[in-house]
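Worksheet: the structure to be examined is printed underneath.
Naming follows writing order (A, B, C and D), and every chain is counted from residue 1.
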Amino acid sequence: MTPQPQSPTRPSPKIPVAILGATGSVGQRFVSLLADHPWFEITALMASERSAGRTYAEATRWLQASPLPPAVAAMPVAAAGPDVEPRLVFSALDASVAGPLESDLARRGHLVVTNTRNHRLDADVALLVPEVNAHHLELTRRRLCDGGAIVANPNCSTIGLVMALAPLAQAFGIDQVNVVTLQAISGAGYPGVASLEIMDNVIPFISGEEEKMESESRKVLGSLGDDGLIFADLTVSAQCNRVSVVDGHLECVSVSLRRPASAADIRAAWDDFRGEPQHFELPSAPRRPIHYVDGDTWPQPRLHRDTERGMAVVVGRLRPCPILDHKFVLLVHNTLRGAAGGAILCAELAVAKGLLGESG
Amino acid sequence: MTPQPQSPTRPSPKIPVAILGATGSVGQRFVSLLADHPWFEITALMASERSAGRTYAEATRWLQASPLPPAVAAMPVAAAGPDVEPRLVFSALDASVAGPLESDLARRGHLVVTNTRNHRLDADVALLVPEVNAHHLELTRRRLCDGGAIVANPNCSTIGLVMALAPLAQAFGIDQVNVVTLQAISGAGYPGVASLEIMDNVIPFISGEEEKMESESRKVLGSLGDDGLIFADLTVSAQCNRVSVVDGHLECVSVSLRRPASAADIRAAWDDFRGEPQHFELPSAPRRPIHYVDGDTWPQPRLHRDTERGMAVVVGRLRPCPILDHKFVLLVHNTLRGAAGGAILCAELAVAKGLLGESG
Amino acid sequence: MTPQPQSPTRPSPKIPVAILGATGSVGQRFVSLLADHPWFEITALMASERSAGRTYAEATRWLQASPLPPAVAAMPVAAAGPDVEPRLVFSALDASVAGPLESDLARRGHLVVTNTRNHRLDADVALLVPEVNAHHLELTRRRLCDGGAIVANPNCSTIGLVMALAPLAQAFGIDQVNVVTLQAISGAGYPGVASLEIMDNVIPFISGEEEKMESESRKVLGSLGDDGLIFADLTVSAQCNRVSVVDGHLECVSVSLRRPASAADIRAAWDDFRGEPQHFELPSAPRRPIHYVDGDTWPQPRLHRDTERGMAVVVGRLRPCPILDHKFVLLVHNTLRGAAGGAILCAELAVAKGLLGESG
Amino acid sequence: MTPQPQSPTRPSPKIPVAILGATGSVGQRFVSLLADHPWFEITALMASERSAGRTYAEATRWLQASPLPPAVAAMPVAAAGPDVEPRLVFSALDASVAGPLESDLARRGHLVVTNTRNHRLDADVALLVPEVNAHHLELTRRRLCDGGAIVANPNCSTIGLVMALAPLAQAFGIDQVNVVTLQAISGAGYPGVASLEIMDNVIPFISGEEEKMESESRKVLGSLGDDGLIFADLTVSAQCNRVSVVDGHLECVSVSLRRPASAADIRAAWDDFRGEPQHFELPSAPRRPIHYVDGDTWPQPRLHRDTERGMAVVVGRLRPCPILDHKFVLLVHNTLRGAAGGAILCAELAVAKGLLGESG
């Protein structure tokens, strides 16, 4: 574990943050990652009525391999509602309740960085992958004039896909993308996938996932004009499978480009890819967003998911496709880069770009 | 387990058969399936030098869930070589030794039905999926004039794919096929995949598998003329993954057709599909080669791999593809239909069509 | 799959039966096993309010590898309650609702054969493992004078244990038993164990299981006097673990005997063990209740759980224990012999012994 | 990951070390742990003939989740033999070749710290668990007068067991220990356990493991007199199972004590347990050797194996045993504390106690 680069934009004192949906699977990842965060400090934990009034240790069934941070263990959990102290709010709420509450918090002046799907396609919500479309935060800046805003983290599979596609889209243009995913069980939260369903098995379906990948990737790769955001003009076809892996979504991708590119061109585009998180040296940013690995049988979830603390996308097996132009395999850590870690990076970028104002 | 249809072509007495490579993973499946076969009787078991002179029970590490058939357990194992008694020989030899020995046996007058890859693309070898290209046995008939011949079973993933494609190829013509596989560990034999490599993991690579799927499927779907076999004019792009499943290869397929077809047209083509194995009511033939299942999350390896004793291909999730025309998911039991069971069906078809002559 | 022995006691016409809790995991096994049962015929399916009014196919999430029997698929599901038509009732109800309803049904004259834990230790309930304590059905006969009765199937781990212990208890007497279990996920039903909890993991705890094994085994091995049942005078210490196995509980046992016995004595006791199910040739009875396997690394869940259609207990690795007298490993199929199959065998025995009367 | 305590005994410059058997599974762990070690510096890598002359990156199939340290990747691998430069040698050789070579190296003046089983029970070899029997290094000191010596790491399961037993042995005396293990696949190295053998399965046998646990634990807990080492007077009965877990051996233990102890007494003995590694603040020492966890369902391999960088033993579920006195569950990380990490701690202790002399 290498030391994190010292960012010039580091705020002092730390910015207080709330976590909504703190007891679930993604909420636990927020807690893990924010417990020692150099910029942010957890000051409020909120979850369902059932958890309210208990300490976090009592209210959660901790399922992370790292121990529950003692300082957080003793914090009280409140019922999620519109009265939230910190201006910056991370949401890992269940989609069944997130919609109106997140809107309400934005109206009340909060900056809500959410991992939930409800507002991802809203016209005034930036669907943010900081390396890819940092300029979409302009949507958020406009909205913040009225007080609060929502910034959304895309679906975990989409994040991995658009990070690998963005350098190609910038350099060569993308026409068509066929993607088949092999997704980890942690993506379904807890209790999530029953062991009787997935052991010695594959489930070739994840509710809503294919639609999300096909639409969200076009928004993230879209362009921002005066009239708002225009979805990218490319076609995505997705097939999504659940497999017996704890963490790490693998994706088999074929892509056709608008301008010809050799394998070397593509490798160079990936190797050289950097974004604002690298420019600002944000605490959660990977040094290199894309790691290409040369092993014949790579990338693999268990071997590569923790690359750069789970914040980099790992790509391999680039080769010609007899139908589209190129084929490759990518891996994204679904609960780090693809969920809590990605959302925290969004918040860090918002802070670095001054969206939270002087006081944070 | 339903009773097997009584075939009118049932030979009497039983036809003696040899199994080459009898102690390996596919060899064990041959033993299981042939132990009570209505037409065939195992009279010779052959394996590597190391096993020679031992009983089958001593020579093999039995890894099947069904018990080792007692009659076979006590049979002696001989070293695989050119002196084989039965005319009909099943080969599950390791590819490193199969090539010359199978050729030699064919020259000596044997009909070698092989599951090994070595001769699959030979010009005078039928690459046979009995429901799909029974007419390719004409290649074998021509060759048998000189004595023996080799009939090859395609690669396990290819068998599942071409069975699902054949009805579409016949009815609508096929232009392009994109397939991503999620393959079971039993496909790699024993010891095969190390548990340290596959547990909590996916391996996005299987040596030679993508090439096999891309070429073999074109041969199986090819047409036979006076000058021999012409590969089908379609493009296949394959990506192959190993996943934590014991048995059953799942394949995510997109296909573009030469003539438009609705989902209902395709469903009808699959439902109505029958071939010579069904016509002859061969002992190992499934009543219906293709089973379409309607569940949202189906087919699944653990739930559906044993459909019709593992000899049917199970298809589901037919839906439009934004890039090619249609997407669907298929499942094939890789060691039954995809290996030993498929090879036995080939032999049954050869017998039913009289290729072994009066005496079997 | 060998043909089932023709029992002399075979009733004609078939005896109608109801299944309570038919949609759960054990309920599904009851449906599978009773769909083609030679004596019994499913005429009523009952489950929770939520399922009432739907067909069985609609109400259940079928998770068995064998297909849902078509005749049952179309049957209506009723809400579980005291109005049940058939006199013979199989119960796979959730323990939270089983207690009063099963008592009520017994009062109304039904013979309730239950897999649920609620009444197992009741004084007038036979806790039945047919090979082991068929004579305990005398408890049921006494109770049936007043109309109905409950017969209970022990806990799945207990069934495997007492089957292996009974021959030793009869021949040598048993003093102490130390048992550590490695139990399959199917024992927890559906959804049961979350995949996030068990993948790449062991859970060294199963709620209430150790207590059940320690008490139930003493009741099953107990003796019946005029004043009722006296628990066997032996001490059991159990530690229970959940492991990543679909079906099949493995148990590591050490035992001290009251009279010395050699390994050969013990092997003979197991090999010769037969009970009333074998005497009556009951349809679900294994030909041999105990199969001793000689392989160094046996028994194993995936290789041996289906021995005699999952109704036999498989034992291996008998060797001296430095602390107690002997050590061995046993395997029991937890949802077949350990649940639905065991309960059906109990009902078959009750019929064979005339407890249901002339009319069944 | 907390900072490692600064030891007062820290040598400067670093001590050069060789790794024998560097390309295997345990060898890779040595490489990982020594790449940034504050005291030791890898200067020689040795493996089989096959690897000789290649770089480490070429010669090894890296299967660790952390990346291969770049500095090591480029180092050449030599054939393991008696000519070794560094005086301190770590051995992860295969047991089939380790015996004579390790003896030869000791004769030539090397201090060989080995993870291999060959010399564990030799009279002049300390079988060392640094927290438990640091005083056994006196055996090594005597032997070093003549030049070199071998220090052996016990078997991985034994290490976990004796660490949990040692505080009880010291405080109350131990009479009998019954232990059933559930061991991870990484314990068998690579390729080790075939996935076809362990998926959806348990293997209730590990060759030689039960004998090792029963004898090695008595040596580690033994006492050292003028005439050498006297094995502890206690009886251990072990049953060993392989389960589907990547890392982390779980052990279900029952123990009878020589002097009565309450649960609170035992908890206190574990909580207060410290040894020389803690006294010397050795770089690889856990702050607390034993962590008792209170969760009903704890310890679990996936949740707790990394406690204190995998160097602590985690214990839970202490409760009365109806046969022996107490039962509990323990967890040890088999490739960290139980193999490479444990061996490195042995070497650190030897250095801290001055066994390598002034120059290291």
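To be clear about the criterion, a contact is a pair of C-beta atoms (placed from the backbone, for glycine too) under 8 Å apart; a residue touches a chain by one contact, two chains touch by 3 or more.
None of these values were measured; they are calculated from a predicted model.
Looking at subunit A and subunit C, the chains in contact with each of them are B, D. Counted by C-beta pairs in contact, the busier of B-C and C-D is C-D.
For the pair subunit B and subunit C, the distance between C-alpha centroids works out to 40 Å. Computed from the mean C-alpha positions, the centre of subunit C lies at a distance of 43 Å from the centre of subunit D.
Across the assembly, subunit A contributes residues 63, 199-200, 244, 246, 302-303 that each touch 2 or more other chains.
Here subunit C touches subunit B in the complex through residues 1, 62-67, 199-200, 246, 302-303, 305-307, going by the rule given at the top.
Across the complex, subunit C meets subunit D through its residues 176, 178, 180, 182, 199-205, 214, 235-237, 239, 241, 243-246, 250, 252, 254, 296-303, 316-317, 321-324, 327, 329.
On the subunit A side of its complex with subunit C, the touching residues are 25, 63, 185-186, 190-200, 244, 246.
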